[in-house]
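Below you'll find the structure I mean.
Chain nomenclature is as follows: A, B, C and D, assigned in order of appearance, with residue numbering initiated at 1 for each chain independently.
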Amino acid sequence: MTTFARPGKHILKRYDKDMRKLQKRVLKMGAMVADQMQRLQDALGQEDDERARQVIEGDRPIDLQEIKVDKFIIRLLARRAPVGSDLRYIVAASRIVTELERLGDETAQMAAALFQEETPVAGCNGRPAHGEVRSLVEQLLELFEQVMAAFEKYDYRSALQLAGMDASRGREMDKRLKDLMECVFGSGQQVSEAVNFILVLRSLERGLRHVQNIAEHVIYLVTGEDVRHRKKGPASA
Amino acid sequence: MSVIDAGIRPDGARDARETDATVGKPFLEKKVTLRARNVNVFYGEKQALFDVSIDIGKHEVTAFIGPSGCGKSTFLRCFNRMNDTIDSCRVRGEILLDDEDIHDPKMDVVPLRARVGMVFQKPNPFPKSIYENIAYGPRLHGLVSGKSELDALVEKSLSRAGLWNEVKERLDEPGTGLSGGQQQRLCIARAIAINPEVILMDEPCSALDPIATARVEELIDELRRKYTIVMVTHSMQQAARVSQRTAYFHLGRLIEVDKTDRIFTNPSHELTEAYITGRFG
Amino acid sequence: MTKRSDIRAAVERGLSRRRRRDRLVRRLGLGAILLGLGFLAFMFFSIIGMGYSAFWQTRIQLPVELDPAAIDPERTHDPAVLRNADYAGLIKQALRKRFPQIKKRKEKRKLYQLVSSGAAYALQAMVLQNPALIGSTPGLWLTANDDVDVWFKHPETSGKRLNDQQKAWLEELHAKGELKKFFNLDFFRNGDSREPEQAGILGALMGSFYTILVTLGLSLPLGIAAAVYLEEFAPKNRWTDFIEVNINNLAAVPSIVFGLLGLAVFINFFGLPRSAPLVGGLVLTLMTLPTIIIASRAALKSVPPSIREAALGVGASRMQTLFHHVLPLAMPGMLTGTIIGMAQALGETAPLLMIGMVAFIVDVPRGILDPATVLPVQIHLWADSPERAFLEKTAAAIMVLLAFLVLMNLAAIWLRRKFEKRW
Amino acid sequence: MGMVSGDCRRLHSLPRYYGYYVAMLTALPAILLLALWISLDQSLITHLVMASLPQSMQPLPPSEQSLLINDIRNLATGNITSGEISPALQAAADHYRHLMHLSRLLLPTALFLLAIGGIALGLKVIHPDRRARPAVERVIRWGLILSASIAILTTLGIVLSVLFEALRFFQKVPLADFLFGLEWSPQIAIREDQVGASGAFGVIPLFAGTLLIATIALSVAVPIGLLSAIYLAEFATPRVRTWVKPLLEILAGIPTVVYGFFAALVVAPLVRAAGESIGLEVSSESALAAGLVMGIMLIPFISSLSDDVINAVPGAMWDGSLAMGATHAETIFRVIVPAALPGIVGGVLLAASRAIGETMIVVMAAGVGANLTANPLESVTTITVQIVTLLVGDQEFDSPKTLAAFALGLVLFIATLLLNVLALYVVRRYREAYD
């Protein structure tokens, strides 16, 4: 059994304001990451080097935003000594911010790996790598937007699905990634090209993990249940 | 029980038992010092406590929190029948100290209070010397037979209260001349001089500055090894810092009692949540 | 001994002894209270027991022939003539007629003693008021002598001052319904007298009234003014400290010392008349002032400073704050203190002895300069009188005095209840 | 008002303060004059009359002079005079009557003129800028200061009047004889006309008597008062408290003359009877009876003072001690009473001061004969009794007998003053410790 009081209705109005500000900042950071993924998707679709460069450079503001939100969280902890749902919210927000930063990193790394001059990324079984990755990024973005929406709305049921236990979409993506990886290993490509592709796939896999983690944090912030490191269906490798 | 496993929706629909009774774990399986069952307290016509049932674990610090007037101090004072001193106060129900009902008419309050010591909100050393303050209880109950025995007991009590080094040079000075924090530790030393089983503390730090508070909290944590401690506090942080179990009272009812960690991260009842997070309850 | 089981054993061992001691103290306390209240009850009962009979007066019914020849031979109805008639003779004549068997002079004298000497004056007053009565023979209820009064009220305890013959006559009168008790109005409308049956407390009451009037008129404004100054305006310095110590000390100075002051200053130095309510009032003023000042200061103190600050905050001067806000709020408390001070003054005796208010004064005073006595002093005087009949008068006067004090205290309580405010 | 054409804001003070101001200017000088007139006209007129008396009657000793003045006054007001009326006396009386008449006539006229002058002055000085309110307030303030000083004046009056007469006494009787003499018999000294020579003004027996009675009184009042205060403060239920406290305080409100009556007519015979029933000879004016009744009188005094000081001990002390497992009695005697002790001592000192100064009970119930004894069954006399006996009745302010009363008054005043100051100091210190 649990209780979750939405931010607001504190006796101290400033506390409410701070909590809203925290939510806004996390959501903003989420939006920045989503923008990056969208850009990467566009870059892949149009083979646009310029876009890809924007993605690589676009990681920096996300890092700065992480620092900003972190500072804010530390201030909140010091000032308000939060407990109960507030404490969970802030702790979850702090963790989510870390996940977001990592997600941003992965996106930038994928852009860097996919758009380098020397070693192009090969496809597999005639399927061009860019096209495959683009559809996977699209899928990841969709999941990511869902989890951020769950965070915004304290929707722990949707987060439960995303966290992987019965997340068909997460499982579907997971499966595609595995298939692709097997395909790359089996195709006997040039090592450097294969490695690059594998790196991108790994990044996508980690991205999916981050999204799942965010979903777990959302569950924690709403219910107080720590569902990490449980036996999570097939999604956990 | 896990939320997820139970599949209970967190949006307000609640387990049936919490609407009229305590949530959390009022009763313990392990060693219990005090058992309260269906305690009701009245001040004249006014009812101050409604059907409170709780177990106080042995060698644990149990903290009572709740808004002013919620009955937590009243409840605390039931444990050594200090409510007897208030003429209009009536207590119904059962409170067992090691299976003896302390509200039994045959129960004498004098030995009861020797077993259940109490420390008050404002330090209240007697207007006597430090030594006499500590010696008061042992003399009263005839626990020592000689001066040297008494000296030893005084030293032991003061040491245990962490005050010996500060006052050993001036045992003859009046206890009222100490600082607030020292006075409170003197009162704790006075209480433990008769080696009670339980020490009740009624907001023991509310009149102290943060440093003195820290000292007393440190002391409470140490005392836990030998004594069962029940404390009322207005500071949730303090409850979170020093107690192992926390009980939340609201308008004379025990709303929730649980492990302190759980109360402060994930309380079960929305009133508790609203109170600890500082929302309108 | 630190093991819990040992401690519990030790506590249990000492328990019964300690409980016994506790009960003993409780009983002693209860005993002390009962003793105090017992004293009070005993005092009240003995005083009421002694005094209630003073409110009745024994009278003898006699047909007194208002012989025109003896009273008003020329039928002028001239008050001067009427006043000089021998009413005592008429009464004696009536007595002789009532007991025609008595012939011996000695016995006759004994007979005459049954009726108060005051009866003649009462008769005179009656005739003066209604000269038309002359010539009739009304059956009048004449005040009996104090010895008769005492014997009739307490036949078992006294009567030594009456001989058997007199008692026989009285028995006869009583048997015929000619000896009866009436409500004693004279007690409330006469001044002091050497004759117990005629002595009343009106003179003392009026003396007390004038004295208290002077005391009230002086001590109320002075006391309140002094309290206001000390509480509201006085700077905290040595001088006000000195005043404060002085006031507290004066409140505990024996009252008789105030009497000495009054004697030396008001009478010897200023030459004010002795025995006058004015001087009594002055002395009592000085005596009650500390009480009133202390009570008034307490009343002023109980007005919360927030009210003063509020008034000063809207720009009122300190004087305006005082008169508009503080004084009205403190007034009930001040008046309560004043009433208590007045009650104290009303019961005070010793200082008034010093300034000569112990004189034997028959006339009822009509102003603050007339010689007078006051109720408590009257009590003192009567208590010292040898006549048995004065005993009940004394006790009755005490009852009247206590009644006034109770009234005043009830007024004070009422005032306090009515205006009690919680801040 | 006209001057500012109805605009109140231009006035310095509220309009009515100008009214008070004028009223003050009008009334104050007139009142002063009235007071001066009343206090002076008698002596002035007397002086004038005396001056107009024939030479032969001029150089008179003061006592005869006052007799003469009395005669003249009586004559003037038509009362009976002592002795014969000489023509000179008659003339003087006429003169007196004339002067009195003049005075009566002059006074209202002068008052009226002064008042008119005041009004005129007031109207003249009134001006919108005039600071009327501060002026009025200043006068009120001075009035208040004067009132507050009355306490000082009273003390001063007591000290001076008593001291002055006492000094006159000590001129006739040596201080050492007075303080250390073992015999007190002022009446004898008068009769034998050996002023101060007999050593009959020794105050020791009076001290002894006073102390004996006060001791008896305190040994009745202190235990009863203290125990009742303790019972009321801790053991009694609130209902009992609300009834018993006022009842006990009734004892304090009863006039001492009533106690005197009770002592003399009820208690003394009882004590005597009781003594006789066990074969003791008891004086009908025994110190025991007076002391007992005085003790009853002091019960509420002790109990309410003790109640105050016991209640001043913070409730936390009670809680602290009871929570240690102390019984009520232990709490009272080990914590509360020691803490309240200074206050209780102060209360007992105040009660002692009262016992020493108490007059009526001893006047009515104790003896007049000085008796140096410690036996409570015998009759003793006290300082206050002697003051009353010496001063009631005719007084001659030259005789040591009368003056002795003032010397006794001085002793009494000093003794009670010391006790009071000590007690007030102790109580005050005690209060401060807990406030």
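Here is the rule we use: contacts are C-beta pairs under 8 Å (C-beta built on N, C-alpha and C of every residue); 3 or more make two chains touch, one makes a residue touch a chain.
Here the structure is a predicted model, which means the values were calculated and not measured.
> Considering only chains that satisfy the touch condition with chain A, which of them also satisfy it with chain C?
Touching chain A as well as chain C, we find B.
> Looking at C-alpha means, what's the farthest chain from chain B?
C
> Which chain is the middle one, judged by CA centres?
Smallest centre-to-centre distance to the global C-alpha mean: chain D.
> Does B-D or B-C have more contacting C-beta pairs?
Most C-beta pairs in contact, of the two: B-D.
> How far is the middle of chain A from the middle of chain D, if each middle is the mean of its Cα atoms, in Å?
96
> Taking each chain's centre as its mean C-alpha position, how far apart are chain B and chain D in Å?
Measuring from centre to centre gives 58 Å for this pair.
> Roughly how far is chain B from chain C, centre to centre by C-alpha average, rounded to an integer in Å?
From the centre of chain B to the centre of chain C is 61 Å.
> Between chain C and chain D, what distance separates the C-alpha centroids? Give it in angstrom.
20
> By residue number and range, which residues of chain B touch two or more other chains?
110-111, 114, 141, 194
> In chain D, which residues are in touch with two or more of the other chains?
Answer for chain D, listing residues that touch two or more other chains: 325, 327, 330.
> Taking all chains into account, which pairs touch?
A-B, B-C, B-D, C-D
> Would you pull the chain D residues touching chain B in the complex into a rising list?
Of all residues in chain D, those touching chain B are 237-238, 314, 316-327, 330, 334-335, 338-339, 433.
> In their complex, what parts of chain D are in touch with chain C?
39, 42, 133-134, 136-137, 140-141, 143-152, 154-155, 157-158, 161-162, 164-165, 223-228, 230-232, 235, 244, 247-248, 250-251, 253-262, 264-266, 296, 299-300, 303, 325, 327-330, 332-333, 350, 353-354, 356-360, 363-364, 384, 387-388, 391-392, 397, 405-406, 409, 412-413, 416-417, 419-421, 423-424
> Using the touch rule from the top, collect the residues of chain B that touch chain D in their complex.
By the definition above, chain B touches chain D via 80, 82, 85, 87, 109-114, 117-118, 120, 122, 124-128, 136-137, 140-141, 187, 190-191, 194, 200.
> Quick one: which bits of chain A touch chain B in the complex? Just the residue numbers, please.
Touch residues, chain A against chain B: 1-5, 9-12, 15, 81-88, 156, 160, 219, 222-225, 227.
> Taking the touch rule as given, give the residues of chain C at its contact with chain D in the complex, in rising order.
Within the complex, chain C touches chain D at residues 11, 18-19, 21-22, 24-26, 28-33, 35-37, 39-40, 43, 46-47, 50, 221-223, 225-226, 228-230, 233-234, 242-243, 245-250, 252-261, 263-265, 268-271, 286, 289-290, 293, 317-319, 343, 346-350, 353-354, 358, 376-377, 379-380, 383-384, 391, 394-395, 398, 401-402, 405, 409.
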